[in-house]
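To start, the structure itself, in structure tokens.
Naming follows writing order (A, B, C and D), and every chain is counted from residue 1.
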Amino acid sequence: MIWSDVTTDPIDPGTVLKRVGAPGDGAAALFVGMVRNSNEGRPVGGMEYEGYRDMARDQLAAIAAEAAQQADSDRVAVVHRLGELAIGEVSVAIAVSSPHRAEAFRAARYVIEEIKKRLPIWKRERYLDGEEVWLEGHLPVTGIEGTR
Amino acid sequence: MIWSDVTTDPIDPGTVLKRVGAPGDGAAALFVGMVRNSNEGRPVGGMEYEGYRDMARDQLAAIAAEAAQQADSDRVAVVHRLGELAIGEVSVAIAVSSPHRAEAFRAARYVIEEIKKRLPIWKRERYLDGEEVWLEGHLPVTGIEGTR
Amino acid sequence: MRVKVLLFAAHRELVGQADTVAALPEGATVEVLIAELKARGGGWARLPVRPAVAVNHKYAGSDTMLEDGDEVALIPPVAGG
Amino acid sequence: MRVKVLLFAAHRELVGQADTVAALPEGATVEVLIAELKARGGGWARLPVRPAVAVNHKYAGSDTMLEDGDEVALIPPVAGG
């Protein structure tokens, strides 16, 4: 089953991993993104994730479906968190299982790379010195989907 | 902390994942190997893992240390199981965390590839038709470590 | 016709609002909408000339024709993960 | 001198034992040990001429000199993971 969600609830990676796996699968790959305590040498106290939630949900479902097709597996689970996160908290978890390991690794990597390219989510980094900035992001240069 | 083990106890991947992670880490990658219900189209009922346990422990510790060095991270945890495993049971779990995702993915991948190349462990596949065979393995073509 | 406009992150802070409604001539494109928004002056004038845009949750080009009731979101460079 | 020999998986099944002890002349190499084992006949004779070998838990070449009390393991092609 392909599963995806964008949520303000804390993420438990082990639970995401349990959403994948089938008797024919010999491999599972899990990727976990966490908030870290520094960025380019500057101490960070926390991170706010803002999202265009409805669109992010649609986009994340599309990314998961693409990864599933590439891995020739419908065992893909991905969840991205929104809101105020402390250091060490999980911002994203991606699990893929597959008969063979190469596909599982590749699909998990694909999902995180696509998330960074096109999921409508923004990060506001809160530095320990009190400053806060929206992190420089990627121009969402996905194929334009709708020109009517 | 770099952690590795070769055990006959069941493996819980979530617990292995929890062994890695540090406040400066933004990414963790977990790989899980499971016993699958078929191999090259032939239905499999289970798998026996035999190991030269003392040497496998030394080798696995060495592999984990190499991965840690490559990832510039001492957050590497890996465990390989021995004994009689049923379909879906976890044979190996590898977790790596790192400031950045590329290193975490690469190190996790390194560990599983090296395990397959040189860990002194052998798999006896039990087919549903009653036959059992030792799976064709890899010649352990690691650098010869000791010529005295 | 009228479209709903959503603003996020740096854009939202720039204009001081998370959403607005724009009245546009029939057949107006995304490009026309952006011009209308920038013409409002103040923080609006400092929006990019060609921001990335989503129409009804899908990325859309600046020549995309809008329809009454569309939800148009201006998308600053994204930074998920 | 005497060395302990360990056998695993297909090798173990071939000879019907998981371990044995070999008495060797001083200065004997891994190659000499393998020849001694194969000379035992039966399943032993069907061991590979140059199997992978570990001496005291480390992979070792066929010209490795053995010492009294070494633990020598014959390593069939490995299949972990």
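The criterion applied here is as follows: a contact is a pair of C-beta atoms (placed from the backbone, for glycine too) under 8 Å apart; a residue touches a chain by one contact, two chains touch by 3 or more.
Bear in mind that the values here come from a model prediction, so they are computed numbers and not experimental data.
Undergrad: Identify the chains adjacent to both subunit B and subunit D in the sense defined at the top.
TA: Of all the chains present, none is in contact with both subunit B and subunit D.
Undergrad: Of the other chains, whose C-alpha centre is the longest way from the centre of subunit B?
TA: That would be chain C.
Undergrad: CA centre of subunit A versus CA centre of subunit B: separation in Å?
TA: About 25 Å separates the centre of subunit A from that of subunit B.
Undergrad: I'd like to verify one number: the distance from the centre of subunit B to the centre of subunit C, where each centre is the average of its C-alpha atoms, in whole angstrom.
TA: About 50 Å separates the centre of subunit B from that of subunit C.
Undergrad: So how far apart, in whole Å, are subunit C and subunit D when each is placed at the average of its C-alpha atoms?
TA: The answer is 75 Å.
Undergrad: Enumerate the residues of subunit A that touch no fewer than two other chains.
TA: If we look for residues of subunit A contacting two or more partner chains, we find 33, 112.
Undergrad: Where in subunit D do residues touch two or more other chains at once?
TA: Touching at least two other chains: none.
Undergrad: Write out all the pairs of touching chains, ordered by chain label.
TA: Those chain pairs satisfying the definition are A-B, A-C, B-D.
Undergrad: So in the complex, the part of subunit A that touches subunit B is made up of which residues?
TA: 13-14, 17, 21, 23-38, 87-88, 97, 99, 101, 104-105, 108-109, 112
Undergrad: What does subunit D use to touch subunit B in their complex?
TA: Listed in rising order, the residues are 6, 8-10, 13, 52, 54-61, 63-65, 73, 75-81.
Undergrad: Can you list the subunit B residues touching subunit D in their complex?
TA: Those residues of subunit B that touch subunit D are 33, 49-52, 54-56, 58-59, 80, 91-92, 112, 115-124, 134-140, 142-148.
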